[in-house]
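Look for chain A in each of the two complexes below; its partner is chain B in the first and chain C in the second.
Entry: the complex of A and B
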C-alpha cells in the first residue's frame, strides 16, 4: 500500500467521526474529493508543480487520526502558550491537533452581521450557507492535497462578514500541534467570506509545541524524523466588491513535521487582499497561494519570508490570475537559507486577454548562507493582453562583504554583524506589516529564529517578548 | 600611538603599498595627500583590518601592540575608527540601532555596562546636533538613500558616538557643502581637543583639498605616491601642493 492509499484508508476508517458525517450535502463533497484524490495520487517530482519538492518522508509515514487531548494537558497549554507566547487578541480560536477547543478560545463581541465559529459548529448550524460555498473557491481538481483536505475536512474556521461590517482587531486562528505517540495528520479548513465592503484582519498561525519546548535551541541538523506529523490545510477566501482583508500566516512547526498548505482567493471588483506569509519551521513546508482577480480594480499584495536551515525544505508557489481589466498585483518574498536548507519559489502571473491595464510585479530575493544551501526561483509570466505593466525579478546572493566590514569596523563582532545583515534583509518585508502588534510579534519570532539558526546568543521567544529586545524600529 | 614600519600590502597579487612608514603620536593630526590610486584608501582600510588586503611585510604597532593580529572589530574596540570614503548602505538596519549596537559592543568589550535605549538616545541627540544632521536620518536604514553629504556627516556622527583614539577620515570632506564642511570640521576639532593628556586623540586626514586643513590644522602633511610616503612636512606643504600639484614628486619618484 502506498502513502496515498494509506491516507485513503484512514479516510474510510474515520469518516464516521468527521463533523457532519450524516449530512448528504457534505458527504457528497467529501466523496467527490476522495475520488479526485484517488485518481490524482500524491504528487511526484515528474509533476511540473512539484519538480523540486520531493515527498519522500511524507510518503513513508503512516499517519493516524489525531485524537483529542485530555483536559489537564489543555490547561497546561493555556498556561504555557496563551499566557506567555502569544500577542493579545480579542478574538482567538484555538485548535489543538486540529480540533477546536472552546475553553482555550475567546470570541469577544463581534459586530452585528458577523458569524465567526469553528467549522465543525458551522457545519451543524449553518449548513445551508456552507453547502453553497464550501469548496466553491478551492479547486481540488489539479491539487491532490486540496482534494485530500476536502475529503477529510471536519474542523477549522468559518467566517462570514456581511455587508459593511468591520472588525477592528485581528482574528487570531491558532493551530497548536503537540507531541503525539503516533504520526498524525490534521486537515484544518478555513472558509472566509466577506460581503461587500466588509473589512477585517485574520491571522492563521501554526505553532508546534515541540518547536517551543526545545527552548528553540535544538540543533536543526541531522534529524531522523521519528514522529513525522502532517498538517494539510486549505483556506478559501471570497472577497465581494470593495471588501478588504489582511491575511497573516505564520507557520512555526517543528522540524519533524510537514506542512502543506493552499490558499485560494477570489476577488471581486475593487476588493483588496494583502497576504503576509512567514514560513519558519517544518521539515517540509509547501505553500500554494492562488488568487483570482475576477473583476476590475481588484488589488492583491503578497508579502512573505521563509527561513530554513538544516535539511529543511520550503516551497512557495504563488499564482495570480488577472481576469479583468485594471487590476493590480504585487509580490515580495524573501528567503534566508542556512545549512543544507532548500527553498523553491515559483511565482506565476497570468494576464488574460481581457485584463487590459493590468499591473503586476513580483520580486523574490534570497540569501544563501550555507555552502550547501540551495534555491530554485522561477518567475513565470503568461501575458495575453497588450496594455499591461509587468515586472519581475529574482536574486540569489550572499551577505554583502563590504557591509560586513563596515559593521565590524564599528566594533560589532563578525557573528553579530552577520545577524544584523540578515535581520536587515528580512526586515524589508517585515516593515510592510501595518498592524503594529502583529509586526512586533512576527519580528520577534523571526529574529529569535534567525539568531538560533546563526548559532548566536540563543534567546527564547519568551525572553524576547518579555524584554521587547531585538525589535527593529520600522519607519 | 601608531607606528607603521615598512608596510607592504597586496590586493589580488598587486602590490599597492610598498614600504610605507608613518608614525602618529597622541594628540596629533596628520594629513595624507596624494594622487588618485596612490594607495591612501588602501592604507586606511588595512589599518581598519579589511580582509581584502594582504599585508606581505612590515609591522603596525598601535599603542605598543601588534595591530595586525587583531580582528576588525577588536581594532575598533581598541580605538581605531575609519570614516569610509564610500560609506556603505545597509538596507533594513536602522541607523539608531546600528549606532547603539556598535557602542554597546564596544562597551561590552571594555566590560562596561550597556547603555539603555533612553540614556543612549538622550546623549545621541546632542551629537546629532553637533554634526547638523537631520534627526529623522537616525530612523532610516543606515546610509540608504542618504545624499553624499549626509553619508559623510553620518560617518562623523559615528566617530563622535564611538569616541575612538585614532580616527582615520578618508576624504570625509569630499561631497560636503561649505557649511557642512565647517560643521564637520568643528565636530572633529571638538573631538580632538580633550583635556586629559591620557585621552588625547589622534587623527589621520586623507584629503585632496587644502581647504579642509584651514579648519582642521594638521601637525604634519604627508605626500603618498606609488604606495609610499615620499615627502612629509608641516601645513605649508599642503599649500605648496595646492599650487603645484604632484608633478615634481612624480618626477622625483620616476
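Entry: the complex of A and C
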C-alpha cells in the first residue's frame, strides 16, 4: 500500500465519523474528491509543481484519525496557550488537532448579517448555503492535497458577511496541534464568503504546543512521541464586488510536522484582497495561493516572509490569474534561510487575452545564510494581452558587507550587526501590515524567531538603548 | 545464443545484407530511420569505426526516448519515419535555375537588406557554381587560417583529417544522452562545421559558415564543434541575414563549444529561416541544442543570437562554467510575428569558483506570435562567489500575441549573488505620440523604438551583422503596425 492509499484508507475507515456524513450533498462532494485524489496520487518530483519538494517524510508516516482530547487537557490549554498570547482577539475560534473547541473560543457580538461558526456546525445549520458554495472555488482537480482535504473535511471555519457588513477587529482562528500517540492528519477547512462591500480581517494561526516552551513541560513529558503529523488545510474565499478582506496566515507549526496549505480566492469587480503570510515552523511547509481576478478593477496584494533553519523546507507557490481588464496585483516575498534549510518559490502570473490594462508586479528576495542552504526560485509570467505592465524580480544574496562593516566600525559586534540587517530585511515586509495590533504581534514573534535562529542572546537596538548600554561593544 | 543476441550480432558485426550499391545511384536514402540507414550514412561518409559505433549508440538511446512536451510551443506531431535522413548536397538541378525562378517576396527582402547581387542567387539556392565562382574566395580564407594553425573545415573533412580531435571532443559537451533531438542528431547528422584553434592563437578573422560555401546546403541535422585551446580566441558567426529557401521541416542541430584555460569563444547567430506564411502554414521547426563548456580557468564563452525566422524556435544556448573564474554570457533577441513561436533562453551552470554569468534576453511578439524565455541559473555546492545577472524584457505589439517568462533559479551556495529581473509591456502611447509629433511615421517610430529596445544585443554583434540585424527587424515586423 503506498502513502496515497494509506491516506485514503483513513477516509474509508472514518468517513462515518466526519461531520455531516449522512448528508447526501456532502457525501457526494467527498466521494468525487476522494476519486480525484485516488487518480492524482501523491505528487512526485516529476510533477513540475512539486519539482523541488519531496514528500519523503510524509509518505513514510502511517497516519491515523485525530481524536478529540480529554477535557482536562483542553482546559489546561486556556492557561498555557491562550493567556500567553499577547494578541487579545475579540472573536476567537480555537481548534485543537483540527476539532473546534467551544470552551476555548470566544465570539463576541457580531454585526447583523454576519454568520461565523465552526464548519461542523455550519454543515448542520446552513446546509443549503454550503452545498452551493463549498468546493466551488477550491479546484481540487489539479491539486491532490486539496482533493484530500475536500474528501476528509469535517471541521473548520464558516464565515458569511452579508452586504455592507464590516467587522472592525480581526477574527482570530487558532489551530493548535498537540503531541499525539500516533501520527495524525488535521484537515482544517475555511470557507469565507464576503458579500458586496463587506469588510473584515481574518487571522489563520497555526501553533504547535512544542513551540511554546514555558509552562507546558509537565504536560508534554507524558506525551513524548516522535511522530510526523500533517496539517492539510484549505481556505476558500469569495469576494463579491467591492468587498475587502485582509488575510493573515501565521504558520508556527512544530518543526517535525508537515504543513500543506492551499488558499483559493475568487475576486469580483473592484474587490480587494490582501494576504500576509508568514511561514516559520514545520519541517515541510507548502503554501499554494491561487487568486482569480474574474472581474474588472479587482486588486490583490500578496506579502509574505519565510524563515527557515535546520533541515526545514518551505515552498510557496502563488498563482494570480488576471481574467478581466484593469486589475492589479502585487507580490513581495522575502526569505531568510539558515543552516541546511531550503526555500522554494514559484510565483506565476497569467494575464489572459481579455485582461487588458493589467498591472502585475512580483518580487522575491532571499537571504542565504546557511553553508548548506538552498534556494530555488522561479518567478513566472504568462502574458496573452498587449496593453499590460508586468514585472518580476528575484534575488538571492547575502548581507551587505559594507553595511556590516559600517555597523562594526561603530562598535556593534558582528553578531548583532548581522541580526539587525536581517531584521531590517524582513521588516520591509512586516511594515506593510496595516493593522497596528497585528503588526506588533507578528513583528515580535518574527523578530524573536530570527534572534533565536541567529543563536539567541542577540539584543535589539531598542533593548540596547533602553538598558542604557547605548551602542557599545557587547562581547 | 538467443534470437535477440543473434539479431544484435547481425546488426553490429555483420554487413548490411542488402548492400547499398543501388542506393549509391541516387543521392538520398529512402525515408525512415533504422540501424541500416545509419550504417549507410556512415559508410557514405567513409567514417572511421568509432563514429559508426557512436551513431549507433545514439540511435539505440534515441529509441528509448519520448518527444519532449514541456515547452510552450505547439505543433502537430512529427512522424520521424517520414523524414529523409540523408540526402547529399542538393544537386544543381533540384533548385531554381536562375533568379527568375525565385519567389519575388524573397527577392524584395534581399533588396531591402542590401545583399550583393551575386550573394542573392546563392542564398536563394540557385546553383551557385553556374552563376559565379566563389570557391576561390573560400580558399583564400582557408590558406590564411592554415598559416596560423587554425583548422576550419566541414565536419566530414575533420572526421577524415583529424579523427583524434573529433574522437576526443565529440559529444563531450552535448552527449547523445542529453535530449531527444541531440540523440537524433548524433545518430544521423550529415555534416556541419569544425573549428580548432591551437594554443596562444588569436584567430585573425571572424569565422563564418557563410564563407564555407559547401556547408550552405547541408541538411537539417548539422553539427558544429569548436575547440579553443589555452590563451586563444575565436569569434564565430553562424547563419546569414537573409531568408534561406529551404523546404525542410525539421532542423535539429547540435553545437558544442569547448574553451580551455584563458580561452574565449564568441558565438553569434543570426537566424532567419523560413517562418511560414501569414496564416502560419509551413516554416522551419528549429530544435537546436547548443552548449559551451568553459573547461579551463579564466575561460569565457559568449552567445549572441538574433532569432527572427523559423515557425518554431526552440533552443537554449547554454554555458557550463566548470573552470574557476570562467565567464558565460547570453545575449538574445527573439522576434515572433504572425504565427511564429519561440521558446528560447539559456542555462548557466555554475560549477567552478568565482564564476560569472550575464543573461540579457529581449523578446518581441507581434501578430499571433508567442515568445517565451526559459532559463536556468544553477549554482552548485562548490561554486563559491558565483554571480549572475539576468534581465529579460518583452515587448508586445498587437492584442493577439503573447509573452512568457520561465526563469528557474537554483542556488546551493551561500556566497552566490543572483539577480533576476523581467518586464513586459507594450510600446507606450506617449513614446509613439512623441515620435509622430515630430513627423516620424508610425512604422519608422516603432522600428526606432524596437531598435532601441534591442540595442544592448546588437552592440554585441560584429558591425556589419548589427546593421543587417537592424534591417532584418524592420523586414520581419512589416505590416504589424497601424
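Structural remarks
As a convention for this text, the second predicted complex is superposed on the first by the 443 of 475 C-alpha atoms of A that agree within 3 Å, B and C clash if a C-alpha of one lies under 4 Å from a C-alpha of the other, contacts with A are read in each partner's own complex, and residues count from 1 in each chain.
To be clear about the criterion, contacts are C-beta pairs under 8 Å (C-beta built on N, C-alpha and C of every residue); 3 or more make two chains touch, one makes a residue touch a chain.
Nothing here was measured: the structure is a model prediction, and the numbers come from that model.
Applying the stated contact rule after C-alpha superposition, one finds that A:406 touches chain B and leaves chain C untouched.
More residues of chain A lie in contact with C than with the other chain of the pair chain B and chain C.
When both complexes are overlaid on chain A, the residue A:425 reaches chain B alone and has no touch with chain C. Of the two partner chains, chain B is the only one touched by A:414; chain C is not. In the superposition on chain A, A:24 contacts neither chain B nor chain C.
After overlaying the two complexes on the shared chain, residue contacts for A:436 are found with neither chain B nor chain C. In the superposition on chain A, A:353 makes contact with chain C only, while chain B stays out of contact range.
Comparing which residues of chain A touch chain B with which touch chain C, the overlap is empty. Contacts from chain A toward chain B in the complex involve residues 400-403, 405-414, 416-417, 420-421, 423-428, 431, 472-473, 475. Touching chain A in their complex are the following residues of chain B: 48-52, 71-73, 75-77, 81-82, 84, 87-94, 96-98, 101-103, 105-106, 109, 139-141, 158, 162. Residues of chain C that touch chain A in their complex: 70, 381, 394, 396-426. Residues 48, 52, 353, 356, 366, 368-398 of chain A are the ones touching chain C in the complex.
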